[in-house]
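In the two assemblies presented below, subunit A is common to both, partnered first by subunit B and then by subunit C.
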Partner chain A sequence: MSATDRRQFLIRTAQMAGAAACAGVLWSPLVRSQAKASAHALRPPGALPEEDFMALCLKCGQCVKACPFETLKLATVADDAPIGTPYFIAREIPCEMCVDVPCVPVCPSGALDREFTDITKARMGLAVIDPEICLSMRGLRCEVCWRLCPVRDKAITLNIVHNEGTNRHVRFEPVINSEHCTGCGICEKACPTEESSIRVLRHKFVQGRLGEHYSPSSDGDFKLQDVRRGTDIAKELNPGDKKQAAPGAGYFNRRGGRDGIIPGSTP
Partner chain B sequence: MTEKQKDMAVPGKSVRAEIRHFQMPDTLGGKLRVWRFLIARRFIQVSILVLFMGTLHYGWTLFNQLVLTGNMSSSRLFGVIPLSDPFAVLQVIASLQWPHMDALIGAAIVLAVYLLLGGRVFCAWACPVNMVADLANWLREKWGIRSMFIVPSKTRYWALLLTLILSFILGVAAFEWVSPIAIMHRELIYGIGLGFIAVLGIFIFDLLVMARGWCGHFCPLGAFWSVVGRTAQIRVAFDDASCTRCGDCVKECPEPSVLSFKEAAQHGMVRSGECTNCGKCIVVCPENSLSFNLRACIRSNSALRSEHGSTS
Partner chain C sequence: MTSLSRREFIKTSIAATTAATAGFTVSQAALAQANAAEAGWKWDKSVCRFCGVGCGEQVATFQGKIVAIKGDPDAPVNRGLNCIKGYFNGRILYGEDRLTQPLMRMKGGKFDKTGDFVPVSWDQALDEIAAQFKRIYKAKGPSAVAMLTSGQSLVSEGYITNKLIKAGFRSNNIDPNARLCMASAVVAFYQCFGVDEPANCYDDFELADTTVLWSNNMAEAHPILWSRVTDHRLTDKNSRIINVTTYRNLCSDIADLEILYKPNTELAIANYIAREMIERNAVNMDFVNKHCIFATGPVDIGFGMRPTDKFAFPAEKDTLAKQLNYTIDKYEAIAQRRPEMAGKSVEQKDAGRADAHWHITFDEYKRGVAPYTLDFVAELAKGDPAESLDAFKKKLQQLANYYIADKSKKIVSLWCMGANQHVRGVWFNEQIYALHLLLGKYGTPGNGAFSLTGQPSACGTAREIGTFSHRLPSDMLVANPAHREKTEKIWKLPAKTLNPRVGTALMIALRGLEDGSVNFVWTQTVNLWQSTPNTNHWLKAARKPENFVVVADSYPTLSGKVADVVLPAAMINEKWGMFGNAERRMQCWRQMVNAPGQARPDAWMMLEFSKRFTLKEVWGELPLPGLKVEGFPENKLPSVLEEAKKMGYNENMTLYEVLFATPDNKKFKWPDPIAKGMENSVVNLLGDGWFVEKALFEEYRPFTFGGHDLAPFDMYYDDKVRGLRWPIIDGKETKWRFSEGNDPYVKPGEGFNFHGKLLKAIPSGDLDGVKDTTPKPLPGKAKIFFRPYAGYPEKLDSNYDLQLCTGRILEHWHTGSMTRRVPELHRTAPTAMLDMNPADAEKRGLKHQDVAWVETRRGKIKMVVNTRGRNKVLPGTIWAAFFDEGVQVNQLTLDAADPLSLEPDYKKAAAKVYKA
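Right, the complex of A and B next:
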């Protein structure tokens, strides 16, 4: 190879590398902008953390085929999830939480964790409530989300508070407990308001996080107590079998003060 | 003298038979004979898609096992045999993730099959984009549209390298996120969406901008299979003695760089990994100088011939 040949070869190689670099500059943002899912596009149960999931998912759709409820879909361009990846929109078809979790073992790449077997451990998203629209919050007897929640009376509990509006009734405020909510979305599907007042969103769009510097002792774990109060009050008011009467149902039957409650009884 | 003319003039060789060019037969039987590989390729390409679709939408089973679930990125045959696109799995590994055993075994099975058949057999016999590219090419030739610019076909290896580098940098399988091939089979099987414009893009690009633009120059998956194809056991065998150098095969070949008379004569076959084994050259050869054969047979034949040539 002569000096000119070598020179030409090096120049050509540099040109091709340059062209490849240009292509890479255009290509990378395309991939990066694709690799994002919107807050309400939920992953199948057992999905690895989003970064790992997106790296591993081969976009084959075997989980979609395995889902008996046709919950899962593969995304295409301009859908709510990155192209080719499986997702579901709870308001359309929620996850029915099959006990055998058929979508997970068929995943060939492990983007859905094979170790995952207990569907109640799924954390597909977290429910949040719009307190201004929620019928129960407005004092109506709805509680559909609480009744249909598959993690019964754990993921959603009812907080019973005095209804200042009528000054006679109570409100059964649904409360989400993040340590039990699987994010299946059955509540969102069932909510009777025109736009669902309870929605399941990915955790990172819902949950806050205390900083490293935060000292929990300063609030004496106050918040947790406060949130759970509803359950405690419900138990207090209605110590009988919960299956027979909704928590607080006895409230309507009460004559006089709290002592007049007749748990689970019929007049 | 151009490269091709140099290639055609064989020094020390007796005058070749007079050149006859390929004539499309008038009879249907003759036409079907010419189209035999084309028909077989379309049959296989469509069958793969139909099996996927039938299993997904109608739950086709064989011996109580789902026939073929998934898509060409990854699938399961008869409910047990995992199959995966080795290039997709390679990209996942390049993004520093270790896939589950199923994907690895699946990729190994597919890779083994194509190591034997020839890597780019995928391109001509399985890839659905091939149908789009062939249609664009057919129209382009019919309407006499010429390429706007020429790009070396080796560009694909840069695309391959770039795919792996980007997978590493971005932490996701870079080509799988934009692949028009993946989009096409996925959306044909699972429902056509907006992604299908990528397929339309290839059609327009191949038709108006560049002849065989996508498959012949840029596709990193094609580049991957080209590398794999170097050990292919089924190859296009070349009989130098009967060849008149009419060049009809070169005109027909979707990868013209693989058909070099000099190399083919020397080795008795088309050796390049970029050959897709599409069989287009075989059916147009008026002298039947080209045929599919096993590499081992070709090698022994050429050895025999050279031995014979040296003794006589």
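Right, the complex of A and C next:
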């Protein structure tokens, strides 16, 4: 059975199961238990909020057929999503974030938003890290999730901290930024620990919410450290660029430069 | 999991972890059981199998298997940490397709070059190899056989193979893959300092004010060292990191200053900095006058390619022609003080004497760097088209500022393959040393030019043991009669046993398979048919009927596919071993487990092979066409059998008895208390009761006395020792060399003494050539070289319009033969993708994840385009890693090399990319 045949077969099986479920015959107890997708069953990019998505999805499998990486599949009986609906499990095959997002325009019902074109705007899920197991958090030079992240330095950034344990190295700690994480799951797929230390879950299983009565006064603490913090490198690199208060001041200032970089001086 | 903290829980054994995975809570009883299980584990020190950093590890074994590893908290290099490759050290032994039986191509029950691989016994394999070796050796002499080894070979393996081929077979055709890696660094060390060794050490990372990376992607290639450099940047607010690179790599994330330059123009940038030092009176004249001289060499030295296109593919011929005549552009003409030659063809007349060099005056040096003004260099070197010339100029000035900063500021320059794998790699290494010598900032704490090493024992084995075609142990040279004499004495060989002619460098040996000058090749710990450039040639050459290729490896590789015999090799902890890392640190481990099936250590293979040769077969008169060396007959090596008899040997003794199982060596008995009851497969298999590794190390040690002094074998195995940096004098290791108070070989009052002994008497002249041929001795001095900017053979044109650079990524080691066997590592980077600038991709109708053809004059392969990759390449350039056997990027690379080091340039091949 070729890959395409196999996919067709799986789609058909799922559709049949879906049809049976709709008919409400035999399957009803199962359907009730299956009415919600589990935390790690992710929807295709551009999917509407789950309730709307469920209302519109025709379980036709068009998006599954369009996916070039066989990421998407239609849920069958024992799967983690309601029968017949498209989903993917990141640890198995993540979303490769195709630039042209082929799965979305083929959706006949609008369960996948037709207006959706920019894959970096996808919010399929949100990555979350187990900080006790994550190798990078423990000071090892791993950072695989960060290096492979398609929106590296936005969705996953590195917080670089001194490693008190060795007192000689740093820890390159990966940090997830919900503002940019698309939930593609490439990180989860690649994580080298036996059970992935980074997982992509549907947002409601990850995100907390402040009480509405409270308005934070500052989010300064969330700003990440930069290794170079506290230095104005542009100024330091190009001392001549400084606005000169008076003729000659630049010259004198250069001699006393903070780094002791004294162009033109004798040693 | 109530009473037990999760962290404690993690530490417990396999049983407990299994329970956790299954979702059980762990009772105290189960935990006790788990602890009891771990109590049976035996922990011992070891060293990471992978890169040149040399991280220490602790390895646990239980019931004959490695069950766990951890970074060694007492190892000074890594203090308990690992990178992601190191984390899987214990797993690389257990890939599903480990080779466990010798395999030979057979038909009708006997060897046949056209047959399929069939399992055979070790005796059958070694007998056939010996027969083939003898056939070729008898007909063509010692120049037609070659051993190709590795910077990952153990110290003992390197020593055995080296001694067998040089002393036994009287051939210098042994060369390691370090030729592809560190050879340019070696030649620069020889030429500048007369000794091949880094003067600095890792301690400098914490001591330097400024760290400059020259074409060095340390973040991926030296992961744990990068963690140290970054920590220093983080904790010392006044320290700075500068990344001078041809593409935006992960180091740029941390660097304070990133300078993107065009390939090869670092040669011009270095000369600009030197010129600035002179212009700004920043040269430390006192240091320079006392401890240095100036030198230069010929310019038109070719590109290390064959001088003939007889064996070239048709498309390659135009590139190859540049070995003889090369058209220099406007910039090269100005940089080489011959502006009238711009656009003209220049005969590469000095290709045969690329390593010649002579003394010049400081004024001549000044004249040399004079053309390298800021304007000239900026225009030439600016790499990013989007950057303004002014902005780039400011960066160059700032780079010069950091070097010229006042005396109290300490600066370290770091480099590795970006500088070494370069058609002018030796020159560029020398230029970096020049910058530091001009300032007198070399070989002292926090000040130095530090050549990082790619492989775990490139220093300890390839360089120190001298498994190169031109070297003898401890920095001695084949071509030097006094060095041969000393070696013959230590090895108890008759005079003139050693072949005086330098052997074939690695690429020359592979070319030899193609042109018929070499017919026998045996490779160890190396996958050359994937890792050498321009592999399409060597893949075909290996299969020529007259050639015989032996590949010893632990896993099936592409090299094995084109071999005639594949020998299953034992891996790291399956044998006693010692590695020497980049900072002169020799570290060791014991054999912890047995190799699977019939896999056996390379040392045993060599020793067993040596039993198949008697003295009369190898120490009689041997043909050596073209030999013309004083004291030797023409075109042959003399018989030394008579002399051998006088020394008490007889002609029917085997090389095993004469070279290895000597009466002196047999005094080192096995078992030895240092083994703590652990196994030794080499000793067990030989069955004659001598401790091979210890005996041969103690035989080797006297070579090192007087400069590279190694400690006694047992000292390295002391439980408290985590490697020692040579020279070790009075039990003390040495961190910095050549400076008073740091190097035990520098006397009080000298300040500095560059006491290396090689190439220390040279003629004098000016920039244009030698004027006085009398060799002028320069004891204790270092050489500051003037080297001009020069181009490279395969520039871009309208057809091949993208420059291909290759390299490594953090997740995989070299050709992936080990790391791709670990499913978790494989998953992190299953295939080598083609890093491409998004604009270049778009121009070719390509988008991220598209499959494209990548084609050069030497071949074409399919790759998946990656515009989101970790390396942000500049327009006009593409980048690919070489780990992927499924991609084989080295079918595309060019085998042009530095003519001094014969190290290939993997960084500059002209390619085209189009949709597949």
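Following the convention adopted for this analysis, the second predicted complex is superposed on the first by the 184 of 267 C-alpha atoms of A that agree within 3 Å, B and C clash if a C-alpha of one lies under 4 Å from a C-alpha of the other, contacts with A are read in each partner's own complex, and residues count from 1 in each chain.
Basically, a residue touches a chain if its C-beta (ideal position, glycine included) is under 8 Å from a C-beta of that chain, and two chains touch if they have at least 3 such contacts.
Keep in mind the model is a prediction, meaning the values are calculated, not measured.
J.: On the superposed three-chain arrangement, identify whether subunit B or subunit C touches more subunit A residues.
T.: C
J.: Check the residue A:169 against both partner chains and state whether it touches subunit B (first), subunit C (second), both, or neither.
T.: Touch status of A:169: second partner only.
J.: Which partner does A:74 reach: the first (subunit B), the second (subunit C), both, or neither?
T.: Once the two structures are laid over each other on A, A:74 reaches subunit B alone.
J.: Considering only the touch criterion stated at the top, classify A:109 as touching first (subunit B), second (subunit C), both, or neither.
T.: So A:109 only meets subunit B here.
J.: Could you say whether A:51 touches subunit B, subunit C, both of them, or neither, answering first, second, both or neither?
T.: The first partner, subunit B, only.
J.: Going by the contact rule set out at the top, does A:84 touch subunit B (first), subunit C (second), both, or neither?
T.: first
J.: A:152 in the overlay: touching subunit B, subunit C, both, or neither? Say first, second, both or neither.
T.: Only subunit C is touched by A:152; subunit B is not.
J.: Do subunit B and subunit C touch any of the same residues on subunit A, and if so, which?
T.: On subunit A, the subunit B and subunit C contacts do not overlap at all.
J.: Can you list the residues on subunit B that touch subunit A in the complex?
T.: 55-56, 66, 69-71, 73-76, 82, 84-85, 88-89, 92, 95-97, 99-100, 102-103, 106, 155, 158-159, 161-162, 165-166, 169-174, 176-178, 182-183, 186-187, 189-198
J.: Quick one: in the complex, what on subunit C touches subunit A?
T.: Touch list, subunit C to subunit A: 6-7, 10, 21, 71, 78-84, 86-88, 206, 209, 223-224, 226-228, 230-231, 233-235, 237-238, 240, 250, 253-254, 256-257, 280-284, 394-395, 397-398, 401-402, 404-409, 439, 810-811, 824-825, 827-829, 847-849, 868, 870.
J.: Flag every residue of subunit A that touches subunit C in the complex, lowest number first.
T.: Per the touch definition, subunit A meets subunit C at residues 96, 98-100, 132-133, 135, 139-144, 147-148, 150, 152-153, 158, 160-163, 165-170, 172, 189-190, 192-195, 227-228, 230-231, 233, 236-238, 258-267.
J.: Show me the residue ranges of subunit A that touch subunit B in the complex, using the header's touch definition.
T.: Those residues of subunit A that touch subunit B are 16-17, 19-20, 23-24, 27-28, 30-32, 34-35, 51-52, 54-56, 58-62, 64-66, 73-74, 76-79, 82-84, 106-110, 114.
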